[in-house]
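Labels A, B, C, D and E are assigned to the chains in the order they are written; within every chain, residues are numbered from 1.
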Amino acid sequence: MLVFDALLAGALIWLAWQATHTPGLFRSVISFIVFGLLMALAWVRLEAPDIALAEAAIGAGATGALLLSALGRLAVTHEAGTPWQERPDLYFWIPAGAALLGLLTLAAWALPTPGLGDDVRRVLPDSGVANPVTAVLLNIRAFDTLLEIGVLLLATIAIWSLGRMPMPSAPAVRSPALTALGRVLFPMFVLVSAYLLWRGSHAPGGAFPAGAVVGAGGILSILAGAQPWLTGGVRGPWRILLSLGFATMLAVAWGVMALGQPFFAYPPGLAGLIVLVLELAAGLSIAMSLVALYLAGQPPDHWGPEAARR
Amino acid sequence: MIQPESLVVLLVGLPLLGAILTFVYPRAATAVTAACAAGMLGAASGVAYAVMVGGGWSQDLGGWAPPLGIGWQVDGLSASLLLLTAIVGSAGAAHRAVEGLDQPFFWPLWLFLWGALNALFLGADLFNLYVALEVLALAAVALIAMAGGGALPAAWRYLLASLLGSTVYLMGVALLYGRYGALDLGLIAGALEPDLPSALGAGLICLGLLLKAAVFPLHFWLPSAHGRAPTVVSAALSALVVAAAWYLLVRLWFGPFAGLQGPGPDWLFGLIGTGAMLWGGLLALVQRRLKMLIAYSTVSQLGFGLLVIPLAVGAGAESAWRGAVVLVLAHGLAKAGLFLAAGSIARAHGHDRLDALGGMGAGVVLPWLALVLAGASLIGLPPSGGFLGKWWMLQGALAAGGWVWVAAILLGTLLTAVYVFRMLSVVIRPAAPVPPAGGGGLPGALPAFVLALLALGLGLAAPVLEHLLSGDAMTGGPA
Amino acid sequence: MSLANAIGLLCVLLGMPFFFLGTLGLLRFPDAYTRLHALAKTDNVGLGLVCLGLAILSGSLAIGLKLFLIWVLMLIASATGAGLIGRTALARGMKPWGL
Amino acid sequence: MIYLVLAGVLFVIGLHGLFVARHLLRKILSLNVLSAAVFLFLVALARQAEPLDSVPHAIVLTGIVVSVSTTAVALALLVRLSRPRGNNAAPAGKESR
Amino acid sequence: MTEFLSILVLLLLANIVVGLARVLRGPSAADRMLAAEMFSTSAVVILLLLAFILDAPALLDVALVLALLAALAVVTFVGRAWSELEIRDGDGTGGDREP
């Protein structure tokens, strides 16, 4: 397997270089998407299936779609500048980079990596779930997750505050196969996502990949020509749904205080249920947020023909 | 009697709740924000009072003790900054509400910014601080971009600098976690040894924070972002967001990284601080726009705050430490006042070019008054907070025999005085006719005036401040 | 080694050449249309054989079903993708090789 | 160990790319490579711990979501920047009710 | 048997690495996209094989998600990106200003 690791590492480095340094924006974006794909393999090799799942759903799927559609919306895709080979600042960068790399490697060499594996294992029975990663995410370090869901909501608000969504300059290709794809696949997305959510309590899975899968399904349906149901105005439930995960987490964090518990401390016995509720709400909001992020701006109040033509 | 622990929960929960409400029901935004501001002022005062009475404390979130769980810590430093945030946040909100600009999504973003700041001032967990930093950065970027047009490139630069800073910070966190298996500040402080991984980790964390704090020579993104953002946003960014990065730097340096202190880093930080003070001051001197002048002054004033690192060791440490904190507080109040006043003036005149502004006259009396008072605090005229801070810092420096830093502080003060006088020289010009539709009159400038008064009066609160900050001096954590 | 295992392994093994040939086609074929063709073989047959082989190896119905689902999904993706790319390329006036 | 070194190399590549890249989209890619390097470093550390450490996994999951969000905001801003006088230059106007 | 499957995994990864040449060479955007699609199929197979080698059924789920999202990238590409990029030979190394 050492050969596998070395090969993977080599490919990742090459792809990262392609993504950041070689001319041709499209080539870079594709390189980055493949980079995400191979990162999923790296996570597997590092025994982190949860992250592999998230990377497959978010990294390879959603980020790829975000990048590609942004690339399509850019007015200018040509690049200026001298080829990097001719840049004089390389005389600074090569030694500096080598020094940084050397320091990092030396430091990594010296790390004893104590880790908290034992501690997590010890408290796992109290956390209400059997998957340690889910336990850490939604119970032990739930405040991190609260802020993280907050970041998703905040990103949506930030993007909406930039203005109306920029319409793609050309409509998506009309193809009967594509429409069919949207119709056939969307139930599949929901199904797989429900399965991941259910698995999350005892095996890799949970709200994040599940939400990301549904979100990706939503993006795919939009691309397949489905009328996006997400509207921008305050009418309709969308703002509530977008903030549902965040609001639920906040409500739980405070709600337990009514039961005499400290902030965010789940009452014993209820932990499993609370985690499940949080996962459902968070998953829903993650899915909605990904679609909203993909639209890259505030959607129109009504998706009429005039909105599509604009 | 309300537990101070629940007040702390309120400080983080309330703005986040408000952010949701103002997003879902924009109609009620002003009312919700007002309620949040009132609640936060009360909670922050309560927390500060609790610290004064009983000293600082730390609390675990979710009943999980570190190293597994996330902790919060409250001490004089964090309490005073929480209070500053509540004051500046409320004043900014009031200014905005009076201004009557109806931009969609301003309020949720503002409240997110506020909540992230509070979470930062409370956090005692390296990774949790990272997430809070990201929330802060995203909210700030969106708020800057609200000015549209020329603010977009500024927002972009800010976003990139901020993301780079937090990623570098996270790399440092990863190293420290690999070394000590803990993310909690207190646990790392207890275990720290000066070896390569710790030094590299701490170095990366400091580098990331220096970038976020726009410390010279990493300040390239700050002036345009602060100068072009909407007025209230400039105020919050200059008074609070930069202070948050400074706070984190100081908190970490005197807390977990205390084992790495030595003459080398001390001199490095001191020189950076001096450089920021002089360079920022010189550039502020040559600016042509009022808001840009104030923005560059932030770079310069931050240099004073950074001098705490070489000064707060050895003899006179406690005095220098107190002085630096008070200086940052006074700067926050004064700078927010300056920006709000400048915003009112710019609105009245329709521009903020220094050479074309008219003097104090009908319609712009209050803003100019606020500008004068806040400027006095910035220079450090007694009895302002700026005076008290510099006084304490100089005392500390003299006690330690740090003549270089004494000279640096005096030189920096001189520069500050020069650029503040350049700004204020406009006052004595003949009053220019203000277009009647300008609307920058009394109500909009009232928050600026209050802030300036507070900055000026802060020096009178010396005994209170001394008491508040004495419990946790230098330990970086609850005693 | 049981017979079922041998058959499963054989299927996996048989699937492999399609991947290598697919890459070969990707590299050596002259234009996007012909490369599309090479790719389709990999997705349909190669993946199908591997999934079949692994399903036999696992001997579990649940895993077999999951593998089948994966294969079907990849089929749909590859068919639509190929159709879309081909159609759009033609519509944009990209000339097929040899015409 | 090989992954720790890989993380270091990716970190340097991302850092360099961020500074020298001309096109802004490429800066976003560089930032993503940079954060991927940090995540890789964390998980590689978790792999070396005994027993396997779940905390970095959770941290990285959080980090991935945060990085997607920031990437999305950066991309939206970038699209606005590249079309200065498009149909949506300045975010103004009344809140839609 | 695990050793045998491991060798197959290694070969598949090598296959991807060789295929990267198509991403490098292009010439058209569609070619690069095709190569990426090919990689996602290969990655799915690698994950399937690894699931058996490491006896980690969770990896099947990862493969499932990858298979499900395989269509997303290519559909986005055709629908949103390609129309703007045109089908141009080589790379955009022209001298336009940066945005």
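By our rule, contacts are C-beta pairs under 8 Å (C-beta built on N, C-alpha and C of every residue); 3 or more make two chains touch, one makes a residue touch a chain.
No experiment lies behind these values; they were computed from the predicted model shown.
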- Count the touching C-beta pairs: is A-E or A-B ahead? A-E
- Item | Chain located farthest away, centre of chain C as origin (C-alpha) | B
- Message: Using only alpha carbons, which chain's centroid is the nearest to the whole structure's centroid?
- Response: D
- Note on the structure: Distance in whole angstrom between the CA centres of chain D and chain E is 20
- Message: So the centre of each chain is just the mean of its C-alpha atoms; given that, what is the distance between chain B and chain E in Å?
- Response: 46
- Item | Computed distance of Cα centres, chain C from chain B, in Å | 58
- Message: Nearest whole angstrom, what separates the Cα centre of chain B from the Cα centre of chain D?
- Response: 26
- Check each residue of chain E and list the ones that touch at least two other chains. 16, 33, 35, 57, 64, 68, 71, 75, 78, 82, 98-99
- Note on the structure: Residues of chain B that touch two or more other chains sit at 26-27, 68, 103-105, 127, 131, 134, 138, 141-142, 145-146, 175, 178, 181
- Query: Using the touch rule from the top of the page, what residues of chain D touch 2 or more other chains?
  - Reply: 11, 18, 22-24, 41, 45, 49, 55, 59, 62, 66, 69-70, 73, 77-78, 80-82, 89-91, 95-97
- Report the residues of chain A in contact with chain D in the complex, numbered from low to high. 2, 5-6, 9, 12-13, 16-17, 19-21, 25, 28-29, 32, 35, 39, 42-43, 45-48, 50-51, 54-55, 58-59, 62-63, 66-67, 70-71, 73-76, 79-81, 84, 87, 89, 93, 97, 100-101, 104-105, 108, 111, 113-118, 120-121, 132-133, 135-137, 141, 144-145, 148, 151-152, 154-155, 158-159, 161-167, 208, 232-234, 286, 289-290, 293-294, 296-297, 301, 310
- What does chain E use to touch chain A in their complex? 6, 9-10, 13-14, 16-17, 20, 23-24, 26, 29, 32-33, 35-36, 39-40, 43, 46-47, 50, 54, 56-59, 61-62, 64-66, 68-69, 71-73, 75-85, 90-99
- Query: Taking the complex as given, what residues does chain B use to touch chain A?
  - Reply: 5-6, 9, 13, 16-17, 19-20, 23-27, 59-64, 67-70, 103-106, 108-109, 112, 115-116, 119, 127-128, 131-132, 134-135, 138-139, 141-142, 145-146, 175, 178-182, 195-197, 200-201
- Message: List the residues on chain A that touch chain E in their complex, please.
- Response: 1, 3-4, 7-8, 10-11, 14-15, 18, 23-27, 29-31, 33-34, 37-38, 40-41, 44, 49, 52-53, 56-57, 60-61, 64-65, 68-69, 71-81, 168-170, 172-173, 178, 181, 185, 188-189, 192, 195-196, 199, 203-205, 209, 213, 216-217, 219-220, 223-224
- Query: What residues of chain C sit close enough to touch chain A in their complex?
  - Reply: 73, 76, 79-80, 83-84, 87-88, 91
